[in-house]
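As written, the chains take the letters A, B, C and D, and residue 1 is the first residue of each chain.
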Amino acid sequence: MVAEGPFPPRRATIYRALLMASIMLSTMVAALDTVPDMWGEYYGASRLLLSLTLAVLTFDYLVRLWQAWDSGTEDKPVRSMLAYATSPYGIFDFLAVVPFLVGEALGLPRDGETIFGIIRFLKLARYSPALETLGAVMMAEFRPLMSALFIMVLLIVSTSALLYFVERDVNPSFASVPHAMWWSVVTLATLGYGDVVPATALGKVFGGVVAILGLCMFALPASILASGFTEEMRRQSFVSTWHLVAKVPFFAKLQANQIAEVASLLKVYRAVKGEVLMREGDLGECMYFLVNGQVEVLGRTGTFLLKQGDFFGEIALLEQRPRTATVRAATRCQLLILDAREFHKFVSAYPNLLDAIWEIARSRMAVKDPANPSDET
Amino acid sequence: MVAEGPFPPRRATIYRALLMASIMLSTMVAALDTVPDMWGEYYGASRLLLSLTLAVLTFDYLVRLWQAWDSGTEDKPVRSMLAYATSPYGIFDFLAVVPFLVGEALGLPRDGETIFGIIRFLKLARYSPALETLGAVMMAEFRPLMSALFIMVLLIVSTSALLYFVERDVNPSFASVPHAMWWSVVTLATLGYGDVVPATALGKVFGGVVAILGLCMFALPASILASGFTEEMRRQSFVSTWHLVAKVPFFAKLQANQIAEVASLLKVYRAVKGEVLMREGDLGECMYFLVNGQVEVLGRTGTFLLKQGDFFGEIALLEQRPRTATVRAATRCQLLILDAREFHKFVSAYPNLLDAIWEIARSRMAVKDPANPSDET
Amino acid sequence: MVAEGPFPPRRATIYRALLMASIMLSTMVAALDTVPDMWGEYYGASRLLLSLTLAVLTFDYLVRLWQAWDSGTEDKPVRSMLAYATSPYGIFDFLAVVPFLVGEALGLPRDGETIFGIIRFLKLARYSPALETLGAVMMAEFRPLMSALFIMVLLIVSTSALLYFVERDVNPSFASVPHAMWWSVVTLATLGYGDVVPATALGKVFGGVVAILGLCMFALPASILASGFTEEMRRQSFVSTWHLVAKVPFFAKLQANQIAEVASLLKVYRAVKGEVLMREGDLGECMYFLVNGQVEVLGRTGTFLLKQGDFFGEIALLEQRPRTATVRAATRCQLLILDAREFHKFVSAYPNLLDAIWEIARSRMAVKDPANPSDET
Amino acid sequence: MVAEGPFPPRRATIYRALLMASIMLSTMVAALDTVPDMWGEYYGASRLLLSLTLAVLTFDYLVRLWQAWDSGTEDKPVRSMLAYATSPYGIFDFLAVVPFLVGEALGLPRDGETIFGIIRFLKLARYSPALETLGAVMMAEFRPLMSALFIMVLLIVSTSALLYFVERDVNPSFASVPHAMWWSVVTLATLGYGDVVPATALGKVFGGVVAILGLCMFALPASILASGFTEEMRRQSFVSTWHLVAKVPFFAKLQANQIAEVASLLKVYRAVKGEVLMREGDLGECMYFLVNGQVEVLGRTGTFLLKQGDFFGEIALLEQRPRTATVRAATRCQLLILDAREFHKFVSAYPNLLDAIWEIARSRMAVKDPANPSDET
């Protein structure tokens, strides 16, 4: 990942927020500038806002150029800087500021300001894997997508010809096949602007069939993309879980393939400080492994801390009874969650891990329940 | 769960229905009040209805305050009452009645009545896990949702700029980028109001492409939410099945992880009194375990009752023949259903449970079929 | 299933087609009757058509009454006939004809004719499991559906109040909350009639957000119903496969639970007479078991017939080479298909079945390939 | 597959592109011809373009006829030619050119030109499996689709009757049931043209309910088709993977059923020349088997080539550390990808293949890492 400015973590977060705000404000001003008499007496203020946001973006571009120059990954700073400047991100960063600054000096036409203002928005892509994910999905599902696209074009072409022959004599909106195609697209995409509507009875019958066909066929590409997108997101989250599992000491003895298997059973969860993870008396539906951070256990016999690598919440799963303690995140922390549904797969695959869990669970129960041997609900 | 007023179960059901009706009626009256000359001569009746519903809601709030005061979970009643009053439900209950009553006394402006009338509707959230489930899904799928949102905003921004440049000269609806954005949103969401429509041929070509893109891209968040929602609902139902399985004596000898495995094979079903669960001669597709309540078996040799923990319907699965008896719910009852599809997983995983089932099945067949040794179809 | 009139199989098919046509024509005439001056000079013809279709429906009702009287399932014919007459199907059959006939005699108002004409259409439900399946899905998914419905109603109520406050001063379409609700429903369902559209800039911003929310939230019930419907359809098809597998001699030695397992790997296929099931030289993707009917194998060494219980297409799967013969359905036949994907699960679970398949495959290859020992591609 | 003209592979690609362009241009000209005064002074140019595209299509038809005559699959050339001419593709190829040529000679009416111009587009079906896949899905899901269709028709019929009775007195758009049906279709398909909108309060309430019902019910066929289409596409890709796996020497010792199992774990990927497949220092998420083509490995100790049958990327999976080398496609190549998620299934099923992988991995690590024994991140 590209570093977030020349700042330590805390400040980097602030810097990032500032940068994202600048991008969004700057694009917004560029869009609003196209409204005639938009600003009225606030014109000066809008120019000031635009200048401020552009100053931030210019600073960001310079910082990133300098970072590339300075970065240790290659010995030749010029080549490293050029590598950044010609990468997609570098080009967006460049287009976000330079044309505007040049334009200000030389008198850029207003349309140029609008175009580059919109392009500035693409800088946000740096903070979201969405476009890359979408690209990967489109690559992976290329053939099904092209198939669905072909069906769509075929439907548009044939239904527009059909309606053209039915409607052309009475309905000027269907005066030619390209006119009818506009109706076909608007209908098959279930948009239904209503600017073009069949007028004859036969046209309405065919129109109804086309509407239903559209509903069915145009769902194909949407469904292919949506399932591919979800799948790809899940794959990415599996890989990050996989690397996290390897950091938990409790799983240290597992082999690579077993870690992969465990990773497919666990889910990553990020808790903020103070968040209550489980509450005494609730039904227990999962157990937790603490990857980093600390949680505090508020039991009947007092409060104690759990640290990186510990687990908790296992008693409710082993004994099928309500939670015996409340657990709260003492710091920001990353956890791995093992669902009740996955628990049985886990313990039948790793009986020795189950033994280890039981041992700790028994020692915990021994501490807590001496005066309360049966608290089932 | 919050108790339903100070009532025994049967009355609690009535109380709940009364409360839900009051909430809905009260919101409806508040919405209709904004229609000028809505009530005409029925104005007095509408005020009476409003007062009645508010009386119920006020009573409910006082009861819940008193319940919180009285509840045994904490020794300090004031703190317990405050805990309720500052909880989300407590705040909704407060907002549902107090501002209105205060307003009636001090002369609340009519808008206030409308707003608090709408807020009253949120009290219904207490009776549905929907909002909590939706919140959990949004937390769990936060990153995919943000990715999909980013793609949507990017599409809106870029397509509106595109159509602005294409249409602005001939079409006042595209006079500025923000104007064009309205078109983009309406088109990408496949709404198609028709108040803004491209007029040029090029605009229509791009418009058609935008419509199809919208169809594909805007399906992403819908699909993420829908699959997350279904998954979360399934998870909740697994947990409730899991707790139910442990109550069936037949499964008593299983260990915690085996109960989880069995739970994933079973489905919960609630039958009303008199419901026919299976009919003699039908093809058998599942067997049943009775969690509570009673069912009556109407066989050829007479009628007998089955009670909590019994199972039935196993003969059709074991012998692959039609049902040999009709079974009807004698009381309201909860059942666990084991589908034909899951049956073979079940019996290969638990051969000793299969033996137990066979034993009972054989004794039942011996009783029923002495005069009818072969009734295969 | 209710028998199809008092006819042998072949005639029953004709009778069924006649009945379905009568139902559809009769409903169509009733719908068209509401168009003023619909028939013109064809009025007499339309009455004749209506009378003919009603004669068929009346005949059908009488036949079914008589069948119920005559059926052997109960000794008391009157009770049996009443059971039919008071069943849902019986009531639809009654409503389809009797009110109209009574009306013709006594002078039924035209609206009544329209209503009963529409109701006639419900008789078709007898020939489709769709309504029952949908009902079962709604029962099974009752809680998720109610949750989604609650979210929808909450969104409609809150967004309509929001737009009411934003738009009411300038836009008479938002004059009251109920007026605004019409806009909310039309927008959230992504209908977008365009009769009510926000006019202010703020209204359009909120309107856009509402449109996107609608897209996401209103997908929940659609997705719940769609996945439930698909699942239920798959379950029904599993059960029918299950009963079919037990009829194939090749699987006769398997136990009940193994038959269920095999059934989950197979798919039912119905071929018409003369249909080509596989073609020599094609890539082999599945093998077939013949449940009933006959197929002819057109190999290089001649043509021979396969009968009920035989299998074919196994060589391409075992040896991974193109089909060695063309196979055509000699009669109408039912087949079970074992996909390449499921084949390996099948053969590792049932090694002795694999041996049996190999044995036949080897004998077939020995016959066919003596002069052609290697025809891999 | 039908051969692509009488050309060697490289030229066949060019020929195919020419043919597809001709089809699309020819259909486009036919569609634009229906616009009055479309071409103006470019009329001559448009005729030239049309003649050129038709010349290509005519040439293609003649070539295919000749190829069928010449092909060696049957001894009787006339029968072979007739087989092509009467196949669906042959008929489309015929309709694409012959009627137009005949028409030019005899004076075909302009409508005929339009119709045959649209039909020409169907020739593209040869290059996409989409229509065949869709047909297969419709066959496989016939019963669910008919069920969903029945529900749709039932909804249209009943909601139109309902709105007819509610609206007919005040709203001429609902003057008859068929008129109301147009509204029903437009609403249930969530089209919402807005040409017909309920006017009464009660009509709007029912209209809102119909809109929501439409959203839920009309998703059924879309979802059935979409999931069937995705499933069918996946099945086709499994079969092609299956045939590819058998070509990799590394898997040569596996039996047919094991190859099927391996195939279900692998994904096919086609890389263009110069594409970077993995980059040193990245997290490793998969390993690759090279089916054909060559890749170059750019490690710390130099560059070397891998050829057909080799694998790479295994170290990151075995040792859970970042990539130790960059790999780039030296030629166009086909790869099989084994995901981290599937890796553990693979290695536990085939321990001897794991040993073989480890052996090569160790020899590779021994070469690369002598001076760098621990480079974990």
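Basically, a residue touches a chain if its C-beta (ideal position, glycine included) is under 8 Å from a C-beta of that chain, and two chains touch if they have at least 3 such contacts.
Please read these numbers as outputs of a predicted model, since none were measured by experiment.
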| item | value |
| --- | --- |
| Angle (degrees, nearest 5) of the CA superposition of chain A onto chain D | 90 |
| Which listed pair, B-D, C-D or A-C, duplicates the contacts of A-D in over half of its pairs | C-D |
| Cα-centroid distance, chain A relative to chain B, in whole angstrom | 27 |
| Per-residue overlap in chain B, given as positions that touch at least 2 other chains | 178, 181, 190-194, 222-223, 227 |
| Partner chain B, residues of chain A touching it in the complex | 27, 30-32, 34-36, 38, 111, 114-115, 118, 121-122, 124-125, 128-131, 133-134, 152, 178, 181-182, 185-186, 189-195, 218, 221-223, 225-227, 229-230, 233, 237, 283, 285, 317-320, 339-341, 343-344, 347-348, 354 |
| Partner chain D, residues of chain B touching it in the complex | 190-194 |
| Chain A to chain D touching residues, read off their complex | 143-144, 146-148, 150-151, 154, 157-158, 160-161, 164-165, 175-179, 181, 187, 190-194, 197, 201, 204, 207-208, 211-212, 214-217, 219-220, 222-224, 227, 235, 238-239, 242-243, 246, 256-261, 264 |
